[in-house]
Amino acid sequence: MKDGHTAVQSLAQELREGQLTRREFFRTCARLGIGVMAASSVLRTLGGGTASAAALPGPLNILVWDDHFDEPELKDFVATTGVKVNTSLFDENADAYAKTKLVGGRQIDVVSGDALWGPRYYQSGLVDPLDLSQFTSAKELFPVFREISFWKVGTRSIMFPWSWAPIIPYYDPRYVTPFDSYEALFDPKYRRRIVMEKTPVDIMAQMGLVSGAKKPYQMTASEVKAAKEALIRLKPNILTFVEQSNQFVQYFVNGSAWIIANAHTGLDYRVKQAGGPLVKPVYPKEGYVGFLDGEMVVKNAAHRDAAMAWLDHKNQAKYVVLNFQKQLRALANEKAMKILQQDPKYADLVHATGYDQPDVALRMILKGPPPGEGLKMYIDAFNEAIAR
Amino acid sequence: MRAASNVAVHISPRVGRAIPRLLWGLLPLATIDVVLFVIPMVFMALFSFRFSEELLGLVGRWTVAHYVKVFTSEGIYLRILVKTIVIAVVATAACLLVGYPFAYFIANASRRWQSVLLTLVIMPFWTSYLLRVYAWTAILGDRGLINEALRFFGVTDQPLSFLLFNVFSEIVVFVYLYIPYTVLAIYASLEKMDRSLVLAAMDLGATPVQTFLRIVLPQTLPGVYASIVFVFIPILGEYVTPTLVGGMSGVLITNLLVNQIHALEFGFGAAIAFVMATFVLMLLLGLRRSVDLERLYVA
Amino acid sequence: MSPERFPRRSPRWALRLPRLLLALYGLLGFVFLYLPIAVLIVFSFNSSAVITFPLQHFTLSWYRELREDFVLLGAVRNSIVVTVVTTVGATLVGTAAAFPLVRTGFRMKRMVNLFLLLPIVIPGILTGIALLILFVPVLNLTLSLNTVIAGQIVLAGPFVVLVVASRLYGFNQQLEAAAMDLGATPWRTFWHVTFPLILPGVLAGALITFTLTFDEFIVTFFTIGPESTLPMYIWSLVKFGVTPKLNALASIIVVLTLGTLLTANSLLRRRAR
Amino acid sequence: MVNGCGGERIVVAEIIPHEGVPRLASRSAVVELRRVTKRYGNVAALRDVSLAIHEGEFFSLLGPSGCGKTTTLNLIGGFVEPDGGDIVIQGQSVVGIPPYHRPVNTVFQSYALFPHMTVAANIDFGLRMRGVPPDERARRIDEMLELISLPDFGRRRPSQLSGGQQQRVALARALVNHPAVLLLDEPLGALDLKLRKQMRIELARIQRGVNITFVYVTHDQEEAMTMSDRIAVMNQGRVIQVGTPQMIYEHPASRFVAEFVGANVLDGTIETVESRAGRVRLDAGPSITAVCPDGLRPGDRVSVVIRPEQATIAGHPGPGTNAIPGQVLKASYLGTHTQVVVRVTDGTEMTALMAAGGASVGTPAIGEEIHVVWKSEGSLILVEEGSP
């Protein structure tokens, strides 16, 4: 840290040699101060914090996955409501759950979550169920997603459904022989060739499937231990963990990864779009996990009105279409699907990703929190496995 | 120090009377340090002895379970802690080995150039730290700069995949990030050293190697110790580098620590943090004689 | 004195060789330091969305995208707010603390010294976690830019102390004695003699604080609420969506800092004349 | 050191072997510079310098700063290499031989004592480097400490010594190696005047005792005069004159040397030349007579050198002596002498040293109009540099 030190000392010396008088110094400071103030006011305007249009109290704080929103709808939202949006991104359900629990509605208005995590949020008193009929954009949803049983609290739903997809391995056929079982991942010839998304609970669940657990999100202590052993066995083949799936594309394109063990469907198209190889999906015979996610409004949210407005806004078909084109995985909005089916460029993809078969979503092994102490057990096991 | 106290004796009584009032100047910073550094550390220590069933439960019972877990758990946390220390030692040694000749080069340049070169050494600090770490994935990766260059020149046909996502890349990036500190610290000692000592040693028959080992190195030991404080200790706390370039084999104690904190396991996280803090404090106390922190003022 | 007293005679070029090798080494050292920055800049103009070789064609689209990214602009604004407040605060308290540390002798001074400098030698991740524990479970505060500033002042204060103190050590106290001898009150002495002379040190401390705070990551990582600062924004991009937009951002930062340094330099030079 | 130096001389002679060369017996050159040139960038530090330094002599390089004397020393020591010419030590060229292989040791101006080593370790350093057996090293260190009168200082650190003590340690550290040549770079520069005068005597004594060739660099002509066997006066990278102190003082080869050793120099033009006496019309007015070298003709531009102790002042010019009118600027009583500075008619300042208690007029008053007078035999005509 002596770094700046020396440089700054030389600067100081120049200052000294420059005979900078006190008056000049203050004058410079004053100019700088005015400059900073002007700059920050310019930045504030650019930043969209135009207070004039503020119809709703803000700012809106959302804790989301990065594939749950895009720039255009954010920009439009700010423009129409005047509410500034603070977005925080998170890695895993457990993280978001922990953070929501930590700071609650004071700091988070909307939080994204996965299938069975919803009930956990509700039971812990962290979220308010939503009356979906209040939202214009909810009318565009597939009916099945409006009536998901485990999200129901009376007539209301814990979540505003957003997207779903199976989470499965993909491989680069140039290097990998086709396989149908997780066992193939353990082949020593794939040493340092597998990339995984860093979602400790879901990775443990996947390892549970490998080691024969029936309910991978509700494993017993001994099943967790077996899953941990499986992860330790897999470790030599894992190149790195990445956060979220955008990096999968890069690792396939640059040839570092031969297998990506837990990607959601549509990765093959995204890799191809980015000029990469034709990677292939695998639906393992042991079964696979899937996500079905959405947004929840946090209990006692400080900016509840803005939160409701935001959900209604971002779930409009026009934005969902854009999101599909970017992420290439199924969503809950039926109207958007119909628009996409009209587009020859995307019609095939709609089918390939299962967007037109919403009932598949409910037949997957859905993500959820391990009960009680289980979460701690999963995370400890994961930590211990990767630290070994 | 000596100079200051000497002067204090000679100056007029009026200046003398002003001195106790100066002590009030310490108050704001000391208050900030107590409230925002010491008290948090104390709470961290307290949390490490608290156990609660629910995530983030503030109500709980006193326990040493977290420490038991740190030191048992099949020895995993302890081993990763040791691994972290070893990697930090290696990276610090590499910083010194690579940085020493570099500092020597700068100290040997002409006056005019020295300030330019020093500025150049410091310049990277003004670029985003995160992006500089991240850039290494584009250099060391399978289709990174190095592999592409090797392939272009026909040295290899298969990319060298051992360059990224392991302890090696982790250490390279550590060296990259922290070498300016080493260079500056050693440059400062070299600069302070009387050049005629080197001439004297050669004059007395010492070969360049002997001169370096017996004269230059001992004279620059303060710079070496400063490197330990400003390179070794920060590396122990590095989180970004192992996360972005460490891959599977480069997992360090901070990764486990942050995993625990993210899962709101504050008690256990605090226990890990406290073990680390204790190690650092012991190290600092051990180095206290060698690195006179006060002398940093003068440097 | 027999001839074997002169065992090795080197040709003239060999005598220059060590210097040459050292210069080459220095050059390599700078390549090492600047390679990542060069790579960042090169990819900011590369059309491919994936940051990997070989390069495709030239584009400015990443810069355009950056211009439209208002999340980024908000983050920059937050960073400026945090940095300016921290710089002013840390410079004030740090300068105030430097005087007693240099000028007075009191019992436990070494301990106080060590204590004040501790925040810069303890890894930031530990400070960050400790602050998080204090702010959230203990005090139940709302994490915000204020909590970030609190953490940053803890980190920056000691740096200001270091820099200002080093200036004070080199300060000839007889100047102050002379001022008082000439009839200046202590306050006027400070204002007319002491302050102008330590001003470069204070400015240097402020500059260091500014630089460190603007790019500080790990403590901010633990103490920040829903808003984001520039490093937090970069972190989320690095983690989630690596696009060359980031490279464009880095290139702009490089150009800005270079520009600032150069103009500062030339301004100072001009003033010196 | 200061006391009883007479008794020590014998001891010194015993400690330091003479390498079998009787002092002054052979005038063979131990160091020879042959047409050496050295440039730093565009600046020529040495131009075509040739020198022969004899075995066992105390040889001084005298000149103003920047004259190249230190460069000469560094060339002999091996710290810099010449751009042209040859350097021979003990009959062998040492160009390209690094300092640590030369039979030469140096006493540095700053002493360059190793601060992290004790006094004994400092003295020991050269012996260790040359692989002298431990027993002998211990013995020689003790002898050296004895020689420099610091017998109990072996365990001290250099920082605990006074300047004079450090100076002696530096000398001991160099001498302990029995070098063929000892180089001293203004070693007394950092000492106060009184100590310097003592050390001059000491150094000369030690040099005679050890019979090692000393090459001594100084800008102080008094120092060089009192200690040296021979002196080389240097200016602007050239050797101007080499000779014994007396020769240099009484027969300066050039105006530069004359001025450097403190003589008065007046400019003028030759009027007549009669055998060894020349009549010169001074630019300051009067014509004077002085000893004239061969080959000068009327009309030549020359300088006249008058040494201060040859000049005196008088109210009126007497017959048979040279005289020039002037005004007293300063008169200082020095005990044995009175030094009078006079500004003569053309503005040149002249110094006269008058023996106290002589037949002179006593201490003159400042501003008094007087004449500076001297005998013709005492003054010397030099061809002015740059004139044909």
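In this document, chain identifiers A, B, C and D correspond to the written order of the chains, with residue numbering beginning at 1 in each.
Assume a residue touches a chain if its C-beta (ideal position, glycine included) is under 8 Å from a C-beta of that chain, and two chains touch if they have at least 3 such contacts.
Which chain is which protein? Per UniProt: A = Extracellular solute-binding protein; B, C = ABC transporter permease.
Note that this is a predicted model, so its numbers are computed, not measured.
Peer 1: Measuring centre to centre, with centres taken as mean CA positions, what chain is farthest from subunit D?
Peer 2: For subunit D, the chain whose C-alpha mean is farthest off is A.
Peer 1: Decide which interface, B-D or A-C, involves more C-beta pairs in contact, and give its chain pair.
Peer 2: Most C-beta pairs in contact, of the two: A-C.
Peer 1: With chain centres defined as C-alpha means, what is the inter-centre distance between subunit A and subunit B in Å?
Peer 2: For subunit A versus subunit B, the centre distance works out to 33 Å.
Peer 1: What whole-Å value do you get for the distance between subunit A and subunit D if each is reduced to the mean of its CA atoms?
Peer 2: So the centroids are 85 Å from each other.
Peer 1: Express in whole angstrom the distance between the two chain centres, defined as the mean CA positions of subunit B and subunit D.
Peer 2: The mean C-alpha positions of subunit B and subunit D differ by 54 Å.
Peer 1: Can you list every residue of subunit D that touches 2 or more other chains, as numbers and ranges?
Peer 2: 98, 101
Peer 1: Which residues does subunit C have that touch at least 2 chains other than itself?
Peer 2: Only 51-52, 137, 162, 166, 211, 242 qualify.
Peer 1: For subunit B, give me the residues that contact two or more of the other chains.
Peer 2: In subunit B, residues 56, 119, 125, 141, 143-144, 180, 208, 296, 299 touch at least two other chains, as defined above.
Peer 1: Sort out for me which residues of subunit B touch subunit A in the complex.
Peer 2: 53, 55-56, 73-74, 76-77, 79-80, 115, 118-119, 122, 125, 141-144, 159, 161, 164-165, 180-181, 184-185, 187-188, 226, 230, 246-248, 251, 255-256, 259-260, 262-265, 296, 299
Peer 1: Okay, in this complex, where on subunit C does subunit A touch?
Peer 2: 48-52, 68-71, 73-74, 76-77, 80-81, 84, 120, 136-137, 142-143, 159, 162-163, 166-167, 195-196, 199-201, 203-205, 207-208, 211-212, 225-228, 236, 239-242, 264-265, 268-269, 271-272
Peer 1: Within the complex, which stretch of subunit A touches subunit C?
Peer 2: 1, 4-5, 8-9, 11-22, 24-25, 36, 39-40, 43-44, 46-49, 59, 61, 63, 66, 71, 74-75, 78, 84, 86-89, 91, 102-103, 106-108, 243-244, 246-247, 249-250, 253-254, 274-276
Peer 1: Quick check: in the complex, which residue numbers of subunit B touch subunit C?
Peer 2: 3-5, 7-8, 10-12, 14-15, 18-20, 22-30, 32-33, 36-37, 39-41, 43-44, 47, 56, 58, 98, 101-102, 104-106, 108-109, 117, 119-121, 123-132, 134-139, 141, 143-145, 148, 176, 179-180, 208, 229, 233-234, 236-240, 244, 254, 257-258, 261, 266, 269-270, 273, 276-277, 280-281, 284, 288, 293-294, 296-299
Peer 1: Would you pull the subunit A residues touching subunit B in the complex into a rising list?
Peer 2: 1-7, 10, 91, 94-95, 98, 101-102, 192, 200, 235-236, 238-241, 254-256, 373, 375-376, 379-380, 382-384, 386-388
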